[in-house]
Structures are given as structure tokens and as C-alpha cells.
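Let me begin by presenting the structure, written as C-alpha cells, before commenting on it.
Here the chain labels run A, B, C, D, E, F, G and H in written order, and each chain numbers its own residues starting at 1.
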Amino acid sequence: MNRTPKDDLTLDFAREARIGIEEAIFCQGKADEHLVEILMQAERSAKSLLLTRMSLAQLDMLPPTQKAQIDYDPISRTGIWGKPRAVTGETKIAIVTAGTSDAFVSREAARTLAYHGVPSSAFMDVGVAGLWRLLDRIDEIKKHPIVIVCAGMDAALPTVMGGLVSGVVLAVPTSVGYGVAAGGETALRAILATCSAGVVVTNIDNGFGAACAALRTLRVMGIR
Amino acid sequence: MNRTPKDDLTLDFAREARIGIEEAIFCQGKADEHLVEILMQAERSAKSLLLTRMSLAQLDMLPPTQKAQIDYDPISRTGIWGKPRAVTGETKIAIVTAGTSDAFVSREAARTLAYHGVPSSAFMDVGVAGLWRLLDRIDEIKKHPIVIVCAGMDAALPTVMGGLVSGVVLAVPTSVGYGVAAGGETALRAILATCSAGVVVTNIDNGFGAACAALRTLRVMGIR
Amino acid sequence: MNRTPKDDLTLDFAREARIGIEEAIFCQGKADEHLVEILMQAERSAKSLLLTRMSLAQLDMLPPTQKAQIDYDPISRTGIWGKPRAVTGETKIAIVTAGTSDAFVSREAARTLAYHGVPSSAFMDVGVAGLWRLLDRIDEIKKHPIVIVCAGMDAALPTVMGGLVSGVVLAVPTSVGYGVAAGGETALRAILATCSAGVVVTNIDNGFGAACAALRTLRVMGIR
Amino acid sequence: MNRTPKDDLTLDFAREARIGIEEAIFCQGKADEHLVEILMQAERSAKSLLLTRMSLAQLDMLPPTQKAQIDYDPISRTGIWGKPRAVTGETKIAIVTAGTSDAFVSREAARTLAYHGVPSSAFMDVGVAGLWRLLDRIDEIKKHPIVIVCAGMDAALPTVMGGLVSGVVLAVPTSVGYGVAAGGETALRAILATCSAGVVVTNIDNGFGAACAALRTLRVMGIR
Amino acid sequence: MNRTPKDDLTLDFAREARIGIEEAIFCQGKADEHLVEILMQAERSAKSLLLTRMSLAQLDMLPPTQKAQIDYDPISRTGIWGKPRAVTGETKIAIVTAGTSDAFVSREAARTLAYHGVPSSAFMDVGVAGLWRLLDRIDEIKKHPIVIVCAGMDAALPTVMGGLVSGVVLAVPTSVGYGVAAGGETALRAILATCSAGVVVTNIDNGFGAACAALRTLRVMGIR
Amino acid sequence: MNRTPKDDLTLDFAREARIGIEEAIFCQGKADEHLVEILMQAERSAKSLLLTRMSLAQLDMLPPTQKAQIDYDPISRTGIWGKPRAVTGETKIAIVTAGTSDAFVSREAARTLAYHGVPSSAFMDVGVAGLWRLLDRIDEIKKHPIVIVCAGMDAALPTVMGGLVSGVVLAVPTSVGYGVAAGGETALRAILATCSAGVVVTNIDNGFGAACAALRTLRVMGIR
Amino acid sequence: MNRTPKDDLTLDFAREARIGIEEAIFCQGKADEHLVEILMQAERSAKSLLLTRMSLAQLDMLPPTQKAQIDYDPISRTGIWGKPRAVTGETKIAIVTAGTSDAFVSREAARTLAYHGVPSSAFMDVGVAGLWRLLDRIDEIKKHPIVIVCAGMDAALPTVMGGLVSGVVLAVPTSVGYGVAAGGETALRAILATCSAGVVVTNIDNGFGAACAALRTLRVMGIR
Amino acid sequence: MNRTPKDDLTLDFAREARIGIEEAIFCQGKADEHLVEILMQAERSAKSLLLTRMSLAQLDMLPPTQKAQIDYDPISRTGIWGKPRAVTGETKIAIVTAGTSDAFVSREAARTLAYHGVPSSAFMDVGVAGLWRLLDRIDEIKKHPIVIVCAGMDAALPTVMGGLVSGVVLAVPTSVGYGVAAGGETALRAILATCSAGVVVTNIDNGFGAACAALRTLRVMGIR
């Protein structure tokens, strides 16, 4: 009955060696005492950590010495603890959004890549309800072997993208919208039902997951 | 306890006068004896009738004299009883499909319009997974003040269409597809969540309904 | 990694020329910094903007000079930035609600039309659970070629309306109600399943969308 | 391991004494050997039985001597085994349908009542998409203290009915329709969300249940 | 564009004469200005009003003179404006709950009845997970011709009740519970699927609706 | 490209040693050539096999020599290949059904147990809509430390059972019923939401799973 | 109309004698006055009570003398009123979580057991996305005849566990996660669909229920 | 009104040049006359075609000369028209299934790859309910940079796989199973909710889509 927060944790600092992706902490719903303990263990191990879906309230409840070591982005609600790798090399990954409201997801992807030292290019607010916005930039997008597409509501963009580019297309449905769009289930299902061959999907709002899939792809491309 | 099929019916032959759309019989699930009785009443009233979602089995169980008076199309499963009006005038309505499999819906729309004497143009298999298919024909489509768009699976076409044309866009989700696309719920929700302003929707596979909405629009345009 | 809010935006001020509907900003879920940037771009372009689903909190966080230029309605949560067009001409559009609680949707429709310079008439709280409320006013409603019907819960009103008027019927399900009615899914599905021919639907609570569909209809009627 | 069909049954011939409703056998999904055994027990007990949702195939597999004792109605798929009570007395129950396709449900209700010796009146195909159909007959319907309303698709009829009559309104959603209407879930939810106060609901297609609720009401009215 | 709250309302003070149930105001989601206007109209008409699902916040925003005239119950969130009828006569209605948490629904039913001058008896917390709680009180419950049963979670109580009493059983699913029980959908569907013949259902948490159904039943019993 | 059925299989004949439950073959959806290959491997290994959800068509397509070695029960659609263990010892497991239609599930449980040499007692058709049926037999049921309860529709029986017995209660929702009950989802959710503490659940119609859970329990009781 | 909180309660202090599990109070959604009354009755009866899903706000609103007698754990939101039994004997129950975020559920289970005087061992954060975490500890887990597995998101752990241990496996889906994982429905369904034979399930987040099922199992093992 | 099947088609033989994936025909739901026309066009263009989800009935209705040119596999329901490319080169893609029943999906993937001239290795029936089956073969699987994992029911395999391999993991949920598993929705959602970082998903049963995603990956690896 006398458990400590430490008893509830089994961190996986060897994950990077195993699958090429570093341990990340999904903060949403974690108890404050668990987060504090996790950061203490990271500090003891001299490891860096990616913190995802961390609320401002969670950031603020941390001891000042812990909070000071976190690079926090409020839009994506990501925090980076410790010294991230330098972001270097040519950009192989285009991150595209259908609307400005999708930025909280696209930034999670961009920051996850950056945390692993991987650069990316952003193409924002190019949804196909105004088709010219995409056509204006498609040639630039096509130069990237990997395209991450973030789209909510009807999520028509991944289908159009899949028909225009020959590289890897990783689609992330977002929870943007109201009525039948609220929560992202419609966007998710629309992408799963895409008429474009070979477009793959992650969970709703899972910019982190799309970035990790991109890291796996870079690895088999021999880049990482 | 001794009911006859006639007791179960209240036909509405005055509907055309009231709302400009003629009585149509939704056949799916109707008992054979009810269908036979409906056609007998139509004959007695010297009326024509549009029969929707009529299965081949229902057509075949009819008495030969009734069956002989029906112009039946197996793809749309529509039957026209009696003498339809002549189809005349300039075409104001473009009927567009995303894929060949959507033809059963687009034909229901086209035949409903024809039954009311209204012509339409067809633009088939122009889904946006191969964007050039739509762009090749968009100028021609734009000439029609009313566009009926039939699309299943991810139903990305209505969104792209809505951003390209300024006229009325009536979208019909279709039940084409499997997995999350099966039944058309995904297509329906994707269209409802469209980023294109002013695109409206009917029930899944409801080509009849889209045609009737087009008839209402023609009426307020002063054409019917 | 050093992105600015401006990088996340691609405004579409040419939309009016393209499809007859002006750029509108869907505010729900947008980051504060993005909203501020959007209004700055609008100001620089000397454009007006329609702001939909804007919360009071979003209005209040704006810089005073921006806030002062917004005509805000708290019930519909719409804001109009800049100088709207004059509302002129004969009223062609009736906006009807089933209940008083639907006013937040009907006002969004009315204000969207007004923003485009288009007048509308309101017929409020005439749901068919008290049928006399509708029958008392139906003759007046029928004078409008376009009827926008906002209804939640069981949404029986659009079906009755569709059988009484011959013009265009645009139905908007609302999220009013509790239990199975909560969120508006029941109202949406009831309208999609309507027995009245040619009634079309928008997303739940999408008064903006219904207004845009009305604008498209006016355009093909030769009025805009 | 050596079980007989008899081991799987516990019939409730005392139910009528307990709650005023006789034992009825729900046939759908029952194994043939179970149905045969049930009828054998009924015969031994000299009881009558109401058989609901009995397919033609189930009827046909019965031994000829059993089959001969069943009064079977193919539309409602109900069978009455043994000698039913005489149907006598004044009609207190109106059974109303929105469309002809709902007849399979309304007949199940009517036959369940008749099996208990209770008469009913039928008002068929009076759905509110053609409002005059209901208004023509509402005065006659109002004379019945109990109204059973069967409606599928959007099921707008029970709401209108509930606002017009002061007696008991028992609504039965039906599985009629396609797309979002298929299966009756939309009709069910629309009725549950009704704006009319005091309308109550049964399971989809449950004409039997509505009849039993009517029997309970008659009992508290002092009629049975 | 210059609408007043009055324009959004069409009150139905004649409802009592029409269907025996008085006008009630569903407050949830209504704008403050609409509620104030409704009470002003009620005052002008010298009518009483039942206010359902009224939050404490809504009560508190009212002008003091309006607030002072409301008898408010925080558990059921009901308010009674004006002078209610005296509650008289023999109790014909048992209101039964499965658990203490269902009290917010059972009280809405009891207060709706009381508002119409109708008494009721309460049998609380007698869910069938502890069967003796029901069996101890069933004889007393059986003395009432009408039983309103409020139950959440698995909602097994209405089925057991339906097998024990011969009178009218009106079941109200409640939103009590978590996981699959949250929101009351499971309770609703369990009751709809009941094995007990003739149990009818209202929307989730709709104690008001069950009371109105009881009023309809009393009326056909000749009591009101 | 030249694969044989054998390439698609990895049988687990060591499962019994590992977890005390023997390999069973889920036949539904398996290709004919795969089933034939599985039985060939079983024969070569001199193993017995339990075949679940095997259709009559699957049984009939087998080579006669394979078919002859299968003890097939059409109600539960189970087959036993090879020589099953003798069923011995005192009965520790009561298998209870709410209705006769649940027999296809309860038999799957009973046959799975028998295949492992474990006896069980059956208590059929004792659903709580007729409470006396259960109360008549509850003392006998209580003598068994493990109770498997199979119930569809509203599935009220497991809740009542859980409040009456102190042993292990394993509930199996069944797909019996129509409307909201069809498919068993309502029964499943009702049991998951049970008010009775410590009742656990398997997948819909999973009599096999409940039997395996009983086998696990017997093992920790020291009986197997 | 003049009800007191006491009228709404029927506590079941005899439950322990009947089914071996003590009365527990589900606090979520209970009115403050009901909670206070329940504790007063417990005090009068000199009983202890387990309070589940009790919010901090509910704890804080209690009178100080009541609050002082509650041992409250904020992570599991459980309170223990009165003097719990001593926790003694050998540990037979392993409580396993897939992630740290599942601790709120596993603690509810552990505290429920402790309240009944039953010890348990904890194995935290051993989800199979890092398989070594489980394999490192599986031998220790296997020493327990009963394993409670708490897992959210994809809930793959119960399936792997079920294939590794021969004892009783009680799985609890948790509501941890976002997108399709939010609310725990995905975890629940994944466990119900498990390929591992004999794994059983409780409601989402129902650590209490799993503990009670363990208590039932201990009882039939002859330990309690 | 006089349309021919040809009018309904817009084939995309240039797709391979555009995105590296050849035109494939989704046959399910296509009218017979459309399939015949498609093959005629392919023949005229001297193109090969991949036919997916083609039923045996569709194959059999083709004119003999067309049928003779199709290499048909009944398990995956795929047909290859015309001369496929030679399958050459080192195998980079492992196709893994959780169970034998998933073979219909894994074969669709393998045949799609083969149609494009790409080899693959198969690892069948290695689901994690018997963990040794996977661990026995994981070293071999790891040698492939791309792993396609097909799994139904609880779909736990992709999560375990994602934690063991560092390459690209493409997961395909399958519709195998019954109860909550039926149709594959549970498998789909479980994979989307995976705890393993960077696992991506296709539509249910979409072996074709996974193969196309693998083709896109090979392309960016410089292999195609």
C-alpha cells in the first residue's frame, strides 16, 4: 500500500538503440508526481526526453529547476528536456497542412523530427477547397521524398496529394472542426477510405507518430 | 383483420401541383401485393409513376401487363411507369461522378430528371485522386448552374468542386467501398465536414433526392 | 524551427471572385497569434472579413484596435471585421427555426447573408410539435423562393416544410437537446432520412454553410 | 452432453395471470427442434400461442400437423397457434403508419391485439411529408384514447401526432429506408428526441411491444 | 438585423387545452435574454410555467424579481414559476429508482406531476443487484396502476419490474455511470431490448417526458 | 508466389502444456484448403482438436475420411476431432441461459468444457422477465462455484445472478434479438455496465472463451 | 414533495454476508446531501465503507468530522471510511499495468483488495511495445494464480499475458489515450476480441470490479 | 439518356508514370458491363491491369476470351490481366500475418507487389497470443527494411512488431473475427491506438494499399 511514484515507472532509455526512436513521454493524464519522477530519472541518466501533449498546467506545476530545463511550445504542447541534437542535413520531409488550425499537429511532427536532429519544410494552409493554394506549391513539395499531410474536417488533401506525388505520403487526421468533424473521426475515416493508392495513416492528431514513421523511412533510406 | 392492400395506401397524385415534384414510389421493402395495388391505382388515375430502388425480383413478380408498361434500368434500379414527359430544353445540370462504381446513383439522378422532362449532362469517373481527370473537364462543368456530385469512399471530389464552381453544388455520398468506406457513412460525413462553403448533401445513394433538389432550384430560377 | 504566425497562413481574398462567396475565418480552435495575424493581413489588404464561431475569449484577447473594428454578436458568435456591404433588395430567403434555442444557428445564417449584402426574413419557434405555429405562418414563408430551416432534437420541421413549399429547402440540424439529441447527430440523420423529396442538408449548426448555399442559389437565379 | 430440446425450455403459461399478457414465442434465431418442442408443449397444455418474427422457412419446416394449426400472416411474420379469443368490444386503439412500407410492423401490433381479443382501427400511409393526409383523418384518430404510431426514416409523424392528440401515444420506429435510415436507428433516435411531451417508444419494428403496452393501458383503464 | 429576444419566441400557452400538458420551458442552451423574455411573457399572461434543466447559473442571472417567483430544486434542476396547482387525490403513480444517483431524474418526474397537481409515491434505490430491495417493496409498488422506473448503467430493473406488474411501465434510462455506462446510451438500449413485454421508454434522463406520458395515461383512465 | 496451405499455418499443439487450454481452431472465414491442411497436421501429430464456429458447409466440404472423425453439433457449430478426454468428476460449473435462443452459445461452452474432460450442469431459459424461473432454481445454481451466464437482448440476468451468488460469475452476451438488440452489442454493454460487483465478460457469443476462463479458474482451484 | 436525502437511500450492509463483497459507494454524480447521509448511516451502523470515484471536491465538501475518518487516495479517487481489515496472508494477485498512466485504475484495484484485507503485488509500466519490460518480469508474475491487467490505448498486453500464464487473467481496459483511444472504448474492444483464450474483461477503468472478481475467485479457491 | 458503359469510364494508364503505381481496378460493386468495357480498353491499349476484390461471379460472367487472359487467385480475389512484370531482385518486404485467416489480405499484398515485379517473404500465423511463434522468427523478419503486418481481432501483433524492428511497419487490420471483432473496426482502432511509435495503418483488409505504400517506400529507397 505504500507505493512511491518510482514504483509505477519502467523507462525505456534503450529504445533508440533498438528501433531508432528515442523514449518519449506522453504527458496527458499522467499524475504530477509521476512526471516529476520521470524527469528526475532522466536527469540522473543524463538523458534528453521528448514530452508530448503536455499541458501548460503540467509545465507550471514542475519544480522550477525542472521547468527551466524544458523548451516548451504552447501550440504543439511539446516540451524538450535536455540538450537536443543539432538539426542538420538536407530536408527530406515536407510537412503540409490543409488549414492554419492544423498547426498544433504539424508542429508536433516538426518538433519531434527536430528532437531527433532531422530538418523538415512546412507548407501551411494549402487545403484543396482553394485548389490553387496547393497547385502553386506542389512542385516544391514534390522535391521531398516524404510528405506528412495534416488535415481535419473532410481531409480531402491527402487524397489529392497521393495522386500528385510518388514518394511516401503519411497522413495525419486532425480533430479540427465541429458537428460531424469534431474530434477528427471523419477526417480519419476519410483518409482511410482514400482513393489514392498507398497513403497511410496515424491516429488523430498524432503528429508525433507521423514523425516517427518518417524516421523509420529515413532509416531504410540509409539517411539515419 | 380482413385488410386489403388498398387499405394500406394513400397515394399523393397532387404532389406535383403542390411542390413541383411528382409522386414517386420507394419500392425497397414494399410487399409485392402493395406494389401491384399501387400500379393498379396509377393505371386507374391515368398517371405516370417513378419507381425507385426497385429490384429485378420486384419487377419480375409483376403481372405481365403491368411489367410491360415499365421502362426499367437495372443499374439505377429505377422504373418509369406510363408515358414520361419529353426531355427538352438546354441542359442546366451537370451530373459528375468520382468513379465508375458511382454510376448506379448518378443514373438514378439523371432518370429522375428525365422523368420530369429535364435534361442533364454526365461527367463520369473524374475523382481527384487523378486530379487531371477533373481539371480537363472543369470548364465544361462550370457552364452548368447546378452540379450534382456523386462520390463514395473519401468523397474528396465535392470539396474540390465547391472551390471551383460558383453555382449550386448538390453532393450525394455513395455506398461504394469496403472497410471504413462500406455503406457510405464515411463519404457522407466527409461531405458534411467539407471545407468548401455552401455545398449541400443528401442521404447516401440518394440520386433521386439530389435530382429533386435540382428541380426545386430550377423552379426558383424560373425554368420550370 | 523559428516559424512566425504568418508562415502558417494562406488567405484566399480572391475567393469572392472565384465562387461568389467571400473569405471567412473559422475561429474555433485557432491560436490567438494566428487570429491576430489574420486580422493584420486583412487590414493591410483593406478587406472585410467574416469571423465565425469566435468565442468571447477570442474577441477579448485581441489588441484593442483590432477589437474595435469588429461587430460582434454573442448569440451566433460571429464577428464582422471592416465595412460590410449594405443590405438591400427584396427578401428572397426565409430563415425558420423549430425552437428559440436554435437562434444561435439561425443568426449565423442571417448575419452571413447580411455580410454579403443579402436580406432575410425570420420565422422563429414554429416547430411542428405545436403544428398551428407553422400553419399560421406558412403562407408568408411560401413567398420566399429559398427557405433555410434550423431544427434540433427530432428535426421534424424540415420534413413538414418540404411537403408544403415548392422552393429550395436548406435544412440545418442543430445541436440542441440532451440524451440522444445531444450534439445534433439525431437531428442530422433525421433530416438526411427525410421523406420529403429534395430537402438538402448541411453540417450540424452550420448556419454559415446554409447561407452560402443560399448565396449560390441566388447567383443562379440571376440575383447576385 | 445428451440434452434434448425439452431441456432448453421453460415456458411461462402463467404469464397472463401475472401481467395480463400471454406467453409469446420470439421465433427468429430459434433452432427448428426448439420450435417443434415448444408447439408440442403448447398442445399438451391445451394453450394457444402467439409466434412472432417467424420466417416462412420456419413455418414450412414444421410437421404438417403442427403447421396446420397455425394462422400465419406473411407480411407481419406472425403465427397464431390454437384458438384465439374472439375480437370484441369498441375500438380504443388507433394504429397509424407513416408509409405503406410500415405495414409489416403495424400488422404485428394489430394481430397481437387481436390475439388478446382486442380490436383496433388502422390509419395507413399518413406521413407528414404530405401533411394533408394526416389532417384529413386526425379527427377520426383523436376518438381513440390510445394511438400506436409506426414510422421509419425520419419518423416525423409521432412528433406531429403527439402535439395533436391528448391520449396515450406509443411510437414504434421501423427499419424502413436506406442510407442513414437503414435499420431504423435514425427513426428510433428521432422519436426519443421528440419535442412532443409524453410520447413513448419501443424497440425498432416492435409492433408486438407496442400492442402489449396498449394492453397494459387498457388494463389500467378498467377495460381488460 | 435588429432583432429582439421577443422575435425569437412563440410560446404555446394553449397547449394544456389541446393535449392536457402545460407549456414547459427547456432551459438548457437557451440564451439568458431569451429566458428573461419568456418569464416576462408568462408574467404578462398570468400563466405559470415549468422550467426544466435550468442550471443554477441561469437561475442566478435572472432579475431578482423574476428569481423570487421561482420554486427551484437543485437536484432535478427544475423551477416552477407562478402558483402551481394543489397536489390532491389518491396516488396512482409509483416512481422507482435503481440507485440513489438516479434521484435527479426521478425528482424531475415527481415535480412535473406535482406541477400538474398530480401526486406520486417514491421507491428509491431498489436496483436488482440486491434483489431483496425490490422484493421487499414490490407489493406496495403493485398497488399503483402506473410505474415510472428510472435506471442507469445496465438498467436491469425495468425488465424485472415489467415481469412483476401488470400496469403501465414507463422506463427512463439515466446517464449515471462511467465507461460504457456514461451518458446513458447503454441503459437506453438495454431497456429498448427488454425481454418484458410492453415496457416503453423515453429519452435518457427524461423524467419530464415520463411524467407527461403518465399524465396522458391518467387522462385516458378518466382521472384528469 | 507458389505458396501451399501449409505455408500459412503455425499450429500450437504445446498450448495445453503452457496455459492449460488446448489448441482450438476458429473455423469461420478460414479457406477450405486451410481447414483440410489443419486436420492433416492434427492427424499426423495424433492430436485431438476443437473446431469452433464451423459451418455445415465447411463440414461437408471435408474429405470423407476427415469428416468421419468429427463429432459435430449443429446448434453450437462445434466439431471435435479425434478422441476427447472422458468427462469425469463432480460438476463445479453451472451454465445458465436467459432464453432458449441462447442455447447455441451455452452449448459451445459445455462442449468446450467436455472436450477438456470437465462436466457442467445446464439451467436453461431462466431469464428475469419471469423472475420465478430463476428463483425456483437459484439454490441449485448456488452449489456451483463457477456460473457461466449466457444472455442476449437486455442481458439483465447476469446482474441479478451476480447479486445472488458469491462464486465466480462469467457472463457471455449473445447476439439474440432484433432492432437495438441485434448483434449482441446491447447485451455486451449492459453486462459491462452491471451494478453487480465482480461480474466479468467475454466477447459476444463467446461460449468458448467463457469455458476457457472457467478452466483457468478450475486450475487455480487445484482441480485441473 | 418534502423528501429528505434519507428517503433516497437503501444501503446494503448485508451484501458481504450474501456474496462476500462489502457495500461500496459509487460517488461520481451523487448529490452532496446524499453522500453526507450515507456516511451518517454508516456511522450509525458502525460499518466501514469503500468510496469509489470520489472527487476531491466531494471529499472537501464533507463535514470535517466525516472527512477526518476517510483515508483518501487522490490518484485512484478512492476513500476508505472506518477501520479497514488488516491486509494479511500470502499474495495471490498480481496487478499489472501497461503504462504509468494506468496507475489510477490499478490503485483502485489494489485498494479495493486491501479494503477486504487482501494483499496484491504490482508490476507497473510493462506494456508490450517494449517487450523486454514484460519478459523481464513474467516469471515473477506467473507465481500469482490471479493476474489483473490494466491497459489502455491498443491494450495489447492482456493478449500477450493470456498466452504466457495459465491462471486467471482479469483485464481492465483504461481510458488512457487520445484520438481513437480516448475514453477506453478501443482498449475495451481490443481485449474483448483477444486471441488469447479465457481472458475476461470488466468495464473501462473498473479496477474495483476486477478486484471484486478476484475476491470471488479467492473465495472459490477456499482462501476467503 | 442513351449512355454506353464507355461513357462511364476514365481510365488512368498514365498513373504509373505519375506516382509509380499502376492503374488497378476495384471490382466490387462494379456493373458487369463496366468490367467488360474496362478489359476491352486495356486490351486496346495493350496494358496490363490489376483487378482487386473481384468475385468469382464477376470472373465467370466475363466473355471467355477475356477470362482466359486473367490469372485469378480465389483467396485474395485478385486477378492479373495481361503479362505481369518478372519478379526479380532481393526481397526487401516481409509480409506477416497474425493468423491463417488473414491470408486473404496478405496474399492481396503479395500479389500486388508481384504485379509490380517486387518480391516479398511471408511469415504466417505468428500472432502474439502464442508469443514464441513470433520470437522464433523475429530475427529473420528484421532483415527486411519493410514489414507489412496483417492482423484482425485484437490486432496486438503490430504493436509488438513495432517495438522489435526499426524499419518501416505498415499495418493492415483485417475483418477476421466475430462479435466486437467482426468487420475489422476493432483491429483498425487498436492499431491506430498503438503504443509503438511510427506504425502506420491502411483501411481494413487493404492489402493492396499496404503494398502500394511499400512501393512508395522502395522508390524513395532508390530501389524502384
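In the analysis below, contacts are C-beta pairs under 8 Å (C-beta built on N, C-alpha and C of every residue); 3 or more make two chains touch, one makes a residue touch a chain.
Because the structure is predicted, anything quoted here is derived from the model rather than measured.
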item	value
E-F, B-C or D-F - pair sharing over half of the B-H contact pairs	D-F
Selected pair, greater C-beta contact count between D-F and A-B	A-B
Where subunit F and subunit H are represented by their mean Cα positions, the distance between them in whole Å	34
Distance from the mean Cα position of subunit G to that of subunit B, given in whole angstrom	55
Centre-to-centre distance between subunit H and subunit D (centres being mean Cα positions), rounded to whole Å	48
Of all residues in subunit A, the ones touching two or more other chains	18, 99, 130, 162-164, 179-181, 185, 188, 192-194, 197, 203-204
Subunit B to subunit D touching residues, read off their complex	1, 3, 7-10, 12, 15, 18, 26, 28-31, 34, 38, 53, 175, 184-185, 188, 203-206
In the complex, subunit F residues that touch subunit G	18-21, 24, 145-146, 162-170, 188, 192-194, 197-204, 208-217, 219-222
Touch list for subunit A against partner subunit C, complex	75, 87, 97, 99-101, 103-104, 107, 110-111, 114, 122, 124-126, 130, 133, 176, 178-181
Residues on subunit D engaged by subunit C in the complex (per definition of touch)	98-99, 127-131, 153-156, 159-160, 162-164, 177, 179-181, 185-187, 189-197
